[in-house]
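One structure is given here, and the rest of the page talks about it.
Note that the chains take the letters A, B, C and D in the order they are written out, and that residue 1 is the start of every chain.
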Amino acid sequence: MHEPAAFSHALRVYWEDTDAGGIVYYANYLKFFERARTEWLRAFGHGQQAMAEAEGAMFVVTDARIRYLHPARLDDTLRVTVQPVDIGRASMQIAQAVWRDTTVLCEGQIQIACVDRGTFRPLRIPTDILARLTE
Amino acid sequence: MHEPAAFSHALRVYWEDTDAGGIVYYANYLKFFERARTEWLRAFGHGQQAMAEAEGAMFVVTDARIRYLHPARLDDTLRVTVQPVDIGRASMQIAQAVWRDTTVLCEGQIQIACVDRGTFRPLRIPTDILARLTE
Amino acid sequence: MHEPAAFSHALRVYWEDTDAGGIVYYANYLKFFERARTEWLRAFGHGQQAMAEAEGAMFVVTDARIRYLHPARLDDTLRVTVQPVDIGRASMQIAQAVWRDTTVLCEGQIQIACVDRGTFRPLRIPTDILARLTE
Amino acid sequence: MHEPAAFSHALRVYWEDTDAGGIVYYANYLKFFERARTEWLRAFGHGQQAMAEAEGAMFVVTDARIRYLHPARLDDTLRVTVQPVDIGRASMQIAQAVWRDTTVLCEGQIQIACVDRGTFRPLRIPTDILARLTE
(Lines give C-alpha, C1' and ligand atoms only; values in the text may rest on other atoms or scores of the structure.)
Protein backbone atom coordinates (compact mmCIF):
# COMPACT_ATOMS: atom_id res chain seq x y z
CA MET A 1 0.00 0.00 0.00
CA HIS A 2 2.77 2.38 0.95
CA GLU A 3 5.75 2.62 -1.29
CA PRO A 4 8.87 0.99 0.05
CA ALA A 5 10.35 4.45 0.47
CA ALA A 6 7.88 5.45 3.19
CA PHE A 7 9.48 6.36 6.51
CA SER A 8 8.82 3.73 9.15
CA HIS A 9 8.88 3.85 12.96
CA ALA A 10 8.71 0.70 15.12
CA LEU A 11 6.94 0.56 18.47
CA ARG A 12 5.65 -1.93 21.00
CA VAL A 13 2.13 -2.10 22.44
CA TYR A 14 2.20 -1.75 26.24
CA TRP A 15 -0.54 -2.04 28.88
CA GLU A 16 -1.05 1.74 28.77
CA ASP A 17 -2.14 1.47 25.11
CA THR A 18 -4.86 -1.14 25.64
CA ASP A 19 -8.37 -0.98 27.05
CA ALA A 20 -10.77 -3.39 28.72
CA GLY A 21 -11.82 -4.68 25.30
CA GLY A 22 -8.38 -6.35 25.20
CA ILE A 23 -7.20 -4.24 22.27
CA VAL A 24 -5.44 -0.91 21.64
CA TYR A 25 -7.77 1.98 22.56
CA TYR A 26 -8.88 3.83 19.43
CA ALA A 27 -7.48 7.25 20.40
CA ASN A 28 -4.02 5.78 20.90
CA TYR A 29 -3.43 5.20 17.20
CA LEU A 30 -3.25 8.99 16.94
CA LYS A 31 -0.40 8.85 19.47
CA PHE A 32 1.33 6.21 17.35
CA PHE A 33 0.87 8.36 14.23
CA GLU A 34 2.36 11.35 16.00
CA ARG A 35 5.37 9.46 17.31
CA ALA A 36 6.13 8.39 13.75
CA ARG A 37 5.69 11.90 12.33
CA THR A 38 7.98 13.25 15.05
CA GLU A 39 10.69 10.71 14.22
CA TRP A 40 10.22 11.41 10.52
CA LEU A 41 10.83 15.12 11.11
CA ARG A 42 13.78 14.26 13.31
CA ALA A 43 15.24 12.15 10.50
CA PHE A 44 15.38 15.44 8.55
CA GLY A 45 17.48 16.85 11.39
CA HIS A 46 14.50 18.69 12.78
CA GLY A 47 13.45 18.75 16.47
CA GLN A 48 10.09 20.28 17.35
CA GLN A 49 11.19 21.69 20.71
CA ALA A 50 14.00 23.47 18.86
CA MET A 51 11.60 24.75 16.19
CA ALA A 52 9.27 26.13 18.86
CA GLU A 53 12.15 27.92 20.56
CA ALA A 54 13.97 29.16 17.48
CA GLU A 55 11.06 30.02 15.21
CA GLY A 56 8.07 30.34 17.53
CA ALA A 57 6.45 27.82 15.21
CA MET A 58 4.54 24.64 15.95
CA PHE A 59 2.84 21.97 13.85
CA VAL A 60 -0.80 21.27 14.72
CA VAL A 61 -3.20 18.75 13.25
CA THR A 62 -6.23 20.39 11.63
CA ASP A 63 -7.94 17.33 10.18
CA ALA A 64 -7.62 13.60 10.71
CA ARG A 65 -9.29 10.68 9.03
CA ILE A 66 -8.70 7.27 10.58
CA ARG A 67 -9.83 3.83 9.39
CA TYR A 68 -9.61 1.02 11.93
CA LEU A 69 -9.21 -2.27 10.07
CA HIS A 70 -7.91 -4.80 12.61
CA PRO A 71 -7.20 -4.47 16.34
CA ALA A 72 -3.68 -4.36 17.76
CA ARG A 73 -3.01 -6.14 21.05
CA LEU A 74 -0.69 -6.15 24.04
CA ASP A 75 2.93 -7.07 23.20
CA ASP A 76 2.43 -6.53 19.46
CA THR A 77 5.35 -4.99 17.60
CA LEU A 78 4.00 -2.43 15.15
CA ARG A 79 5.45 -0.34 12.36
CA VAL A 80 4.03 3.10 11.67
CA THR A 81 4.66 4.59 8.24
CA VAL A 82 4.75 8.23 7.16
CA GLN A 83 4.19 9.21 3.54
CA PRO A 84 3.87 12.89 2.64
CA VAL A 85 1.09 13.35 0.09
CA ASP A 86 1.16 17.08 -0.34
CA ILE A 87 3.56 19.66 1.12
CA GLY A 88 2.39 23.28 0.96
CA ARG A 89 3.92 26.46 2.30
CA ALA A 90 2.04 26.45 5.58
CA SER A 91 0.49 23.00 5.69
CA MET A 92 0.99 19.42 4.60
CA GLN A 93 -0.98 16.26 4.15
CA ILE A 94 0.43 12.98 5.37
CA ALA A 95 -0.71 9.41 4.76
CA GLN A 96 0.04 7.08 7.64
CA ALA A 97 -0.53 3.45 8.46
CA VAL A 98 0.02 1.09 11.38
CA TRP A 99 1.28 -2.32 10.35
CA ARG A 100 1.72 -5.66 12.11
CA ASP A 101 3.96 -7.72 9.85
CA THR A 102 2.32 -7.36 6.45
CA THR A 103 -1.16 -6.43 7.69
CA VAL A 104 -2.39 -2.84 7.85
CA LEU A 105 -4.28 -2.42 11.14
CA CYS A 106 -5.09 1.26 10.87
CA GLU A 107 -4.82 3.97 8.20
CA GLY A 108 -4.77 7.72 8.66
CA GLN A 109 -4.84 10.83 6.51
CA ILE A 110 -3.54 13.69 8.57
CA GLN A 111 -3.64 17.37 7.67
CA ILE A 112 -1.05 19.47 9.48
CA ALA A 113 -0.65 23.23 9.68
CA CYS A 114 2.33 25.28 10.80
CA VAL A 115 1.17 27.91 13.31
CA ASP A 116 2.55 30.60 15.58
CA ARG A 117 2.90 28.94 18.98
CA GLY A 118 1.45 31.99 20.74
CA THR A 119 -1.43 33.08 18.51
CA PHE A 120 -2.09 29.83 16.61
CA ARG A 121 -2.24 31.86 13.38
CA PRO A 122 -0.92 30.12 10.24
CA LEU A 123 2.82 30.48 9.63
CA ARG A 124 4.98 29.47 6.73
CA ILE A 125 6.90 26.30 7.42
CA PRO A 126 10.48 27.41 8.28
CA THR A 127 12.48 27.56 5.06
CA ASP A 128 15.16 25.01 5.92
CA ILE A 129 12.56 22.45 6.99
CA LEU A 130 10.46 23.07 3.89
CA ALA A 131 13.54 22.66 1.72
CA ARG A 132 14.34 19.27 3.25
CA LEU A 133 10.74 18.08 3.07
CA THR A 134 10.41 18.90 -0.62
CA GLU A 135 13.84 18.02 -1.96
CA MET B 1 -24.96 23.36 13.97
CA HIS B 2 -26.42 20.52 16.00
CA GLU B 3 -30.13 20.49 16.58
CA PRO B 4 -31.19 21.42 20.08
CA ALA B 5 -32.24 17.82 20.61
CA ALA B 6 -28.64 16.56 20.46
CA PHE B 7 -27.45 14.78 23.62
CA SER B 8 -24.85 16.82 25.47
CA HIS B 9 -22.17 15.82 28.00
CA ALA B 10 -20.21 18.40 30.02
CA LEU B 11 -16.57 17.97 30.99
CA ARG B 12 -13.63 19.92 32.28
CA VAL B 13 -10.14 20.11 30.75
CA TYR B 14 -7.49 18.90 33.23
CA TRP B 15 -3.69 18.85 33.08
CA GLU B 16 -3.76 15.26 31.79
CA ASP B 17 -5.61 16.45 28.65
CA THR B 18 -3.12 19.13 27.64
CA ASP B 19 0.30 19.02 26.01
CA ALA B 20 3.40 21.20 25.94
CA GLY B 21 1.79 23.33 23.23
CA GLY B 22 -0.50 24.63 25.99
CA ILE B 23 -3.62 23.11 24.43
CA VAL B 24 -5.58 19.88 24.52
CA TYR B 25 -3.61 17.09 22.82
CA TYR B 26 -5.27 16.10 19.54
CA ALA B 27 -5.88 12.44 20.41
CA ASN B 28 -7.77 13.41 23.55
CA TYR B 29 -10.77 14.74 21.65
CA LEU B 30 -11.45 11.11 20.76
CA LYS B 31 -11.58 10.41 24.51
CA PHE B 32 -14.04 13.27 24.94
CA PHE B 33 -16.18 11.94 22.08
CA GLU B 34 -16.24 8.50 23.64
CA ARG B 35 -17.18 9.74 27.10
CA ALA B 36 -20.16 11.52 25.53
CA ARG B 37 -21.21 8.46 23.50
CA THR B 38 -20.97 6.32 26.64
CA GLU B 39 -23.19 8.72 28.61
CA TRP B 40 -25.58 8.92 25.66
CA LEU B 41 -25.94 5.11 25.65
CA ARG B 42 -26.31 5.17 29.43
CA ALA B 43 -29.12 7.71 29.08
CA PHE B 44 -30.94 4.94 27.16
CA GLY B 45 -30.50 2.72 30.19
CA HIS B 46 -27.61 0.93 28.57
CA GLY B 47 -24.24 0.16 30.25
CA GLN B 48 -21.46 -1.19 28.07
CA GLN B 49 -19.94 -3.42 30.76
CA ALA B 50 -23.38 -5.02 31.15
CA MET B 51 -23.75 -5.41 27.39
CA ALA B 52 -20.37 -7.12 27.16
CA GLU B 53 -21.30 -9.53 29.95
CA ALA B 54 -24.91 -10.24 28.93
CA GLU B 55 -24.60 -10.28 25.16
CA GLY B 56 -20.91 -10.82 24.48
CA ALA B 57 -21.19 -7.68 22.35
CA MET B 58 -19.04 -4.58 22.17
CA PHE B 59 -19.13 -1.37 20.18
CA VAL B 60 -15.93 -0.52 18.30
CA VAL B 61 -15.07 2.49 16.18
CA THR B 62 -14.33 1.55 12.57
CA ASP B 63 -13.89 5.01 11.06
CA ALA B 64 -13.36 8.48 12.50
CA ARG B 65 -13.12 11.85 10.84
CA ILE B 66 -12.08 14.77 13.06
CA ARG B 67 -11.81 18.46 12.23
CA TYR B 68 -9.88 20.60 14.68
CA LEU B 69 -11.16 24.18 14.50
CA HIS B 70 -9.99 25.93 17.69
CA PRO B 71 -7.84 24.69 20.57
CA ALA B 72 -9.28 23.90 24.01
CA ARG B 73 -7.20 24.83 27.07
CA LEU B 74 -6.64 23.94 30.70
CA ASP B 75 -9.66 24.67 32.94
CA ASP B 76 -12.06 25.04 30.00
CA THR B 77 -15.54 23.69 30.51
CA LEU B 78 -16.63 21.89 27.36
CA ARG B 79 -19.83 20.36 26.09
CA VAL B 80 -19.68 17.31 23.83
CA THR B 81 -22.71 16.58 21.69
CA VAL B 82 -23.90 13.28 20.22
CA GLN B 83 -26.21 13.20 17.22
CA PRO B 84 -27.00 9.87 15.57
CA VAL B 85 -26.95 10.27 11.81
CA ASP B 86 -27.67 6.73 10.73
CA ILE B 87 -28.52 3.68 12.82
CA GLY B 88 -28.20 0.34 11.05
CA ARG B 89 -28.61 -3.21 12.33
CA ALA B 90 -24.95 -3.76 13.14
CA SER B 91 -23.46 -0.30 12.89
CA MET B 92 -24.23 3.37 13.32
CA GLN B 93 -22.89 6.73 12.30
CA ILE B 94 -22.68 9.49 14.89
CA ALA B 95 -21.97 13.20 14.47
CA GLN B 96 -20.19 14.74 17.42
CA ALA B 97 -18.86 18.14 18.37
CA VAL B 98 -16.91 19.71 21.22
CA TRP B 99 -18.19 23.13 22.23
CA ARG B 100 -16.88 25.92 24.45
CA ASP B 101 -19.86 28.21 25.04
CA THR B 102 -21.23 28.79 21.52
CA THR B 103 -18.01 27.94 19.65
CA VAL B 104 -17.39 24.56 18.06
CA LEU B 105 -13.78 23.59 18.78
CA CYS B 106 -13.79 20.15 17.19
CA GLU B 107 -16.14 18.11 15.02
CA GLY B 108 -16.22 14.36 14.51
CA GLN B 109 -18.01 11.85 12.33
CA ILE B 110 -17.70 8.48 13.99
CA GLN B 111 -18.65 5.11 12.49
CA ILE B 112 -19.34 2.42 15.07
CA ALA B 113 -19.84 -1.31 14.64
CA CYS B 114 -21.27 -3.84 17.06
CA VAL B 115 -18.94 -6.84 17.29
CA ASP B 116 -18.53 -10.08 19.18
CA ARG B 117 -16.16 -9.27 22.05
CA GLY B 118 -14.20 -12.48 21.47
CA THR B 119 -13.92 -12.77 17.69
CA PHE B 120 -14.50 -9.11 16.69
CA ARG B 121 -16.92 -10.34 14.01
CA PRO B 122 -19.91 -8.09 13.27
CA LEU B 123 -22.97 -8.66 15.46
CA ARG B 124 -26.45 -7.24 15.34
CA ILE B 125 -26.97 -4.50 17.89
CA PRO B 126 -28.92 -6.12 20.77
CA THR B 127 -32.64 -5.73 20.06
CA ASP B 128 -33.60 -3.69 23.11
CA ILE B 129 -30.79 -1.21 22.52
CA LEU B 130 -31.64 -0.91 18.84
CA ALA B 131 -35.29 -0.32 19.70
CA ARG B 132 -34.40 2.54 22.02
CA LEU B 133 -31.93 4.08 19.60
CA THR B 134 -34.42 4.14 16.75
CA GLU B 135 -37.66 5.00 18.52
CA MET C 1 -10.92 6.65 56.83
CA HIS C 2 -11.32 10.22 55.70
CA GLU C 3 -13.25 12.60 57.85
CA PRO C 4 -16.67 13.55 56.53
CA ALA C 5 -15.33 17.03 55.88
CA ALA C 6 -12.95 15.85 53.14
CA PHE C 7 -13.56 17.40 49.72
CA SER C 8 -15.00 14.87 47.29
CA HIS C 9 -15.04 14.75 43.48
CA ALA C 10 -17.17 12.25 41.54
CA LEU C 11 -16.10 10.68 38.26
CA ARG C 12 -16.96 7.83 35.94
CA VAL C 13 -14.59 5.17 34.62
CA TYR C 14 -14.51 5.21 30.80
CA TRP C 15 -12.82 2.91 28.26
CA GLU C 16 -9.83 5.26 28.12
CA ASP C 17 -9.11 4.56 31.81
CA THR C 18 -9.01 0.78 31.55
CA ASP C 19 -6.42 -1.66 30.23
CA ALA C 20 -6.42 -5.16 28.78
CA GLY C 21 -6.46 -6.58 32.32
CA GLY C 22 -10.09 -5.38 32.44
CA ILE C 23 -9.37 -2.84 35.19
CA VAL C 24 -8.30 0.79 35.54
CA TYR C 25 -4.66 1.18 34.50
CA TYR C 26 -2.48 1.95 37.51
CA ALA C 27 -1.14 5.30 36.29
CA ASN C 28 -4.66 6.62 35.79
CA TYR C 29 -5.36 6.87 39.51
CA LEU C 30 -2.85 9.73 39.50
CA LYS C 31 -5.08 11.43 36.90
CA PHE C 32 -8.10 10.89 39.14
CA PHE C 33 -6.19 12.32 42.12
CA GLU C 34 -5.23 15.38 40.13
CA ARG C 35 -8.74 16.03 38.85
CA ALA C 36 -9.95 16.03 42.45
CA ARG C 37 -7.14 18.34 43.64
CA THR C 38 -7.92 20.71 40.77
CA GLU C 39 -11.62 20.83 41.71
CA TRP C 40 -10.68 21.26 45.36
CA LEU C 41 -8.55 24.30 44.49
CA ARG C 42 -11.33 25.59 42.26
CA ALA C 43 -13.78 25.29 45.18
CA PHE C 44 -11.53 27.88 46.88
CA GLY C 45 -12.11 30.14 43.90
CA HIS C 46 -8.74 29.28 42.47
CA GLY C 47 -8.06 28.32 38.83
CA GLN C 48 -4.61 27.03 37.95
CA GLN C 49 -4.51 28.57 34.47
CA ALA C 50 -5.23 31.94 36.10
CA MET C 51 -2.54 31.35 38.74
CA ALA C 52 0.02 30.54 36.06
CA GLU C 53 -0.83 33.71 34.16
CA ALA C 54 -1.20 36.09 37.11
CA GLU C 55 1.54 34.83 39.39
CA GLY C 56 3.85 32.83 37.14
CA ALA C 57 3.32 30.03 39.66
CA MET C 58 2.46 26.39 39.20
CA PHE C 59 1.88 23.46 41.53
CA VAL C 60 3.97 20.36 40.81
CA VAL C 61 3.99 16.98 42.50
CA THR C 62 7.34 16.18 44.10
CA ASP C 63 6.48 12.90 45.81
CA ALA C 64 3.63 10.41 45.51
CA ARG C 65 2.86 7.26 47.43
CA ILE C 66 0.02 5.11 46.12
CA ARG C 67 -1.51 1.96 47.56
CA TYR C 68 -3.70 -0.09 45.23
CA LEU C 69 -6.24 -2.04 47.28
CA HIS C 70 -9.01 -3.09 44.87
CA PRO C 71 -9.39 -2.61 41.12
CA ALA C 72 -11.88 -0.17 39.60
CA ARG C 73 -13.69 -1.21 36.41
CA LEU C 74 -15.44 0.20 33.36
CA ASP C 75 -18.64 2.11 34.17
CA ASP C 76 -17.81 2.42 37.89
CA THR C 77 -18.78 5.67 39.55
CA LEU C 78 -15.97 6.72 41.84
CA ARG C 79 -15.48 9.42 44.44
CA VAL C 80 -12.04 10.93 44.95
CA THR C 81 -11.36 12.67 48.24
CA VAL C 82 -8.86 15.41 49.06
CA GLN C 83 -7.70 15.97 52.64
CA PRO C 84 -4.88 18.44 53.29
CA VAL C 85 -2.50 17.00 55.87
CA ASP C 86 0.06 19.76 56.04
CA ILE C 87 0.11 23.17 54.35
CA GLY C 88 3.46 24.95 54.31
CA ARG C 89 4.54 28.20 52.72
CA ALA C 90 5.79 26.68 49.49
CA SER C 91 4.49 23.12 49.64
CA MET C 92 1.69 20.97 50.96
CA GLN C 93 0.91 17.37 51.70
CA ILE C 94 -2.43 15.93 50.66
CA ALA C 95 -4.07 12.62 51.54
CA GLN C 96 -6.30 11.28 48.80
CA ALA C 97 -8.45 8.23 48.24
CA VAL C 98 -10.55 6.72 45.47
CA TRP C 99 -13.82 5.22 46.70
CA ARG C 100 -16.48 3.03 45.14
CA ASP C 101 -19.46 3.27 47.47
CA THR C 102 -17.95 2.63 50.90
CA THR C 103 -14.84 0.79 49.68
CA VAL C 104 -11.47 2.46 49.33
CA LEU C 105 -9.90 1.24 46.08
CA CYS C 106 -6.75 3.33 46.13
CA GLU C 107 -4.99 5.63 48.59
CA GLY C 108 -2.44 8.32 47.88
CA GLN C 109 -0.16 10.64 49.82
CA ILE C 110 0.84 13.44 47.53
CA GLN C 111 3.50 16.08 48.18
CA ILE C 112 3.05 19.26 46.16
CA ALA C 113 5.38 22.22 45.70
CA CYS C 114 4.63 25.66 44.36
CA VAL C 115 7.23 26.57 41.71
CA ASP C 116 8.02 29.30 39.23
CA ARG C 117 6.54 28.12 35.93
CA GLY C 118 9.66 29.17 34.02
CA THR C 119 12.54 28.11 36.25
CA PHE C 120 10.81 25.43 38.38
CA ARG C 121 12.41 27.03 41.47
CA PRO C 122 10.35 26.92 44.69
CA LEU C 123 7.93 29.82 45.17
CA ARG C 124 5.75 30.80 48.07
CA ILE C 125 2.15 29.81 47.53
CA PRO C 126 0.32 33.02 46.49
CA THR C 127 -0.95 34.75 49.66
CA ASP C 128 -4.65 34.70 48.90
CA ILE C 129 -4.59 30.99 48.06
CA LEU C 130 -2.56 30.20 51.18
CA ALA C 131 -5.02 32.21 53.29
CA ARG C 132 -7.98 30.22 51.99
CA LEU C 133 -6.20 26.88 52.32
CA THR C 134 -5.32 27.48 55.95
CA GLU C 135 -8.37 29.30 57.27
CA MET D 1 22.68 5.02 42.31
CA HIS D 2 21.80 1.92 40.34
CA GLU D 3 24.44 -0.66 39.80
CA PRO D 4 25.78 -0.86 36.27
CA ALA D 5 24.05 -4.22 35.95
CA ALA D 6 20.54 -2.72 36.15
CA PHE D 7 18.37 -3.42 33.12
CA SER D 8 17.85 -0.29 31.05
CA HIS D 9 15.17 0.70 28.52
CA ALA D 10 15.50 3.77 26.28
CA LEU D 11 12.55 5.92 25.24
CA ARG D 12 11.77 9.28 23.73
CA VAL D 13 9.44 11.95 25.17
CA TYR D 14 6.64 12.76 22.69
CA TRP D 15 3.87 15.38 22.75
CA GLU D 16 1.48 12.84 24.28
CA ASP D 17 3.72 12.62 27.37
CA THR D 18 3.81 16.34 28.13
CA ASP D 19 1.31 18.74 29.66
CA ALA D 20 0.60 22.47 29.51
CA GLY D 21 3.31 23.06 32.12
CA GLY D 22 5.78 22.21 29.33
CA ILE D 23 7.02 19.06 31.08
CA VAL D 24 6.18 15.37 31.26
CA TYR D 25 2.87 14.86 33.09
CA TYR D 26 3.46 13.23 36.47
CA ALA D 27 1.32 10.12 35.87
CA ASN D 28 3.27 9.28 32.72
CA TYR D 29 6.40 8.30 34.61
CA LEU D 30 4.40 5.28 35.76
CA LYS D 31 3.90 4.42 32.08
CA PHE D 32 7.65 4.73 31.52
CA PHE D 33 8.33 2.50 34.53
CA GLU D 34 5.92 -0.11 33.21
CA ARG D 35 7.37 -0.12 29.70
CA ALA D 36 10.79 -0.82 31.22
CA ARG D 37 9.48 -3.59 33.48
CA THR D 38 7.74 -5.16 30.50
CA GLU D 39 10.94 -5.13 28.45
CA TRP D 40 12.88 -6.45 31.44
CA LEU D 41 10.49 -9.41 31.71
CA ARG D 42 10.68 -9.89 27.97
CA ALA D 43 14.48 -10.01 28.21
CA PHE D 44 13.91 -13.11 30.36
CA GLY D 45 11.96 -14.60 27.47
CA HIS D 46 8.68 -13.76 29.13
CA GLY D 47 5.69 -12.09 27.42
CA GLN D 48 2.80 -10.97 29.61
CA GLN D 49 0.09 -11.70 27.03
CA ALA D 50 1.44 -15.25 26.84
CA MET D 51 1.54 -15.55 30.65
CA ALA D 52 -2.08 -14.40 30.88
CA GLU D 53 -3.15 -16.97 28.31
CA ALA D 54 -1.02 -19.88 29.44
CA GLU D 55 -1.16 -19.45 33.20
CA GLY D 56 -4.17 -17.22 33.82
CA ALA D 57 -1.73 -15.06 35.74
CA MET D 58 -1.10 -11.32 35.63
CA PHE D 59 1.25 -8.95 37.41
CA VAL D 60 -0.40 -5.99 39.14
CA VAL D 61 1.13 -3.09 41.03
CA THR D 62 0.03 -2.99 44.66
CA ASP D 63 2.15 -0.12 45.93
CA ALA D 64 4.16 2.64 44.24
CA ARG D 65 6.38 5.34 45.67
CA ILE D 66 7.59 7.98 43.22
CA ARG D 67 10.01 10.86 43.77
CA TYR D 68 10.03 13.58 41.13
CA LEU D 69 13.44 15.25 41.11
CA HIS D 70 13.74 17.10 37.77
CA PRO D 71 11.26 17.52 34.93
CA ALA D 72 11.64 15.74 31.59
CA ARG D 73 10.72 17.63 28.43
CA LEU D 74 9.61 17.13 24.85
CA ASP D 75 12.20 15.39 22.66
CA ASP D 76 14.26 14.20 25.63
CA THR D 77 15.82 10.77 25.30
CA LEU D 78 15.44 8.95 28.59
CA ARG D 79 16.69 5.70 30.05
CA VAL D 80 14.53 3.78 32.50
CA THR D 81 16.26 1.29 34.78
CA VAL D 82 14.87 -1.79 36.50
CA GLN D 83 16.55 -3.23 39.56
CA PRO D 84 14.85 -6.06 41.47
CA VAL D 85 15.20 -5.48 45.20
CA ASP D 86 13.28 -8.44 46.52
CA ILE D 87 11.72 -11.37 44.68
CA GLY D 88 9.18 -13.40 46.66
CA ARG D 89 6.98 -16.32 45.64
CA ALA D 90 3.95 -14.21 44.74
CA SER D 91 5.31 -10.68 44.74
CA MET D 92 8.40 -8.63 44.05
CA GLN D 93 9.82 -5.22 44.82
CA ILE D 94 11.50 -3.29 42.05
CA ALA D 95 13.58 -0.10 42.20
CA GLN D 96 13.29 2.02 39.09
CA ALA D 97 14.67 5.32 37.87
CA VAL D 98 14.29 7.59 34.87
CA TRP D 99 17.56 9.09 33.67
CA ARG D 100 18.50 11.81 31.22
CA ASP D 101 22.21 11.35 30.57
CA THR D 102 23.69 11.08 34.07
CA THR D 103 20.85 12.83 35.91
CA VAL D 104 18.10 10.95 37.71
CA LEU D 105 14.80 12.72 36.96
CA CYS D 106 12.47 10.37 38.78
CA GLU D 107 12.79 7.42 41.15
CA GLY D 108 10.25 4.72 41.92
CA GLN D 109 9.85 1.82 44.31
CA ILE D 110 7.24 -0.49 42.87
CA GLN D 111 5.63 -3.45 44.62
CA ILE D 112 4.18 -6.03 42.27
CA ALA D 113 1.95 -9.02 42.95
CA CYS D 114 1.15 -11.98 40.75
CA VAL D 115 -2.62 -12.52 40.66
CA ASP D 116 -5.22 -14.69 38.98
CA ARG D 117 -6.43 -12.66 36.01
CA GLY D 118 -10.07 -13.54 36.74
CA THR D 119 -10.35 -13.30 40.52
CA PHE D 120 -7.37 -11.04 41.29
CA ARG D 121 -6.41 -13.42 44.10
CA PRO D 122 -2.68 -13.82 44.78
CA LEU D 123 -0.94 -16.50 42.74
CA ARG D 124 2.56 -17.90 42.85
CA ILE D 125 4.76 -16.48 40.15
CA PRO D 126 4.96 -19.19 37.43
CA THR D 127 7.92 -21.45 38.22
CA ASP D 128 9.94 -20.88 35.08
CA ILE D 129 9.66 -17.10 35.41
CA LEU D 130 10.57 -17.21 39.09
CA ALA D 131 13.57 -19.38 38.28
CA ARG D 132 14.86 -16.90 35.73
CA LEU D 133 14.24 -13.91 37.97
CA THR D 134 16.16 -15.39 40.88
CA GLU D 135 19.02 -17.17 39.16
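Before moving on, here are some points about what is shown:
Heads up, the rule we're going with is that a residue touches a chain if its C-beta (ideal position, glycine included) is under 8 Å from a C-beta of that chain, and two chains touch if they have at least 3 such contacts.
Given the structure is predicted, the values throughout are model-derived calculations rather than measurements.
Between the interfaces C-D and A-C, more contacting C-beta pairs are found at C-D.
As for how the two copies subunit A and subunit B face one another, over half of their interface residue numbers coincide. Inter-chain centre distance (subunit A to subunit C, centres taken as mean C-alpha positions): 33 Å. One simple way to say how far apart two chains are is to compare their mean CA positions; for subunit C and subunit D this gives 23 Å.
Across the assembly, subunit B contributes residues 15-16, 21-23, 27, 31, 34, 73-74 that each touch 2 or more other chains.
Within the complex formed with subunit C, the subunit D residues making contact are 21-23, 26-28, 30-31, 34, 58, 60-68, 71, 117, 120. Per the touch definition, subunit D reaches subunit A in the complex via residues 12, 14-16, 31, 34-35, 38-39, 47-50, 73-75. Partner subunit D is touched in their complex by these residues of subunit B: 15-16, 18-23, 25, 27, 73-74.
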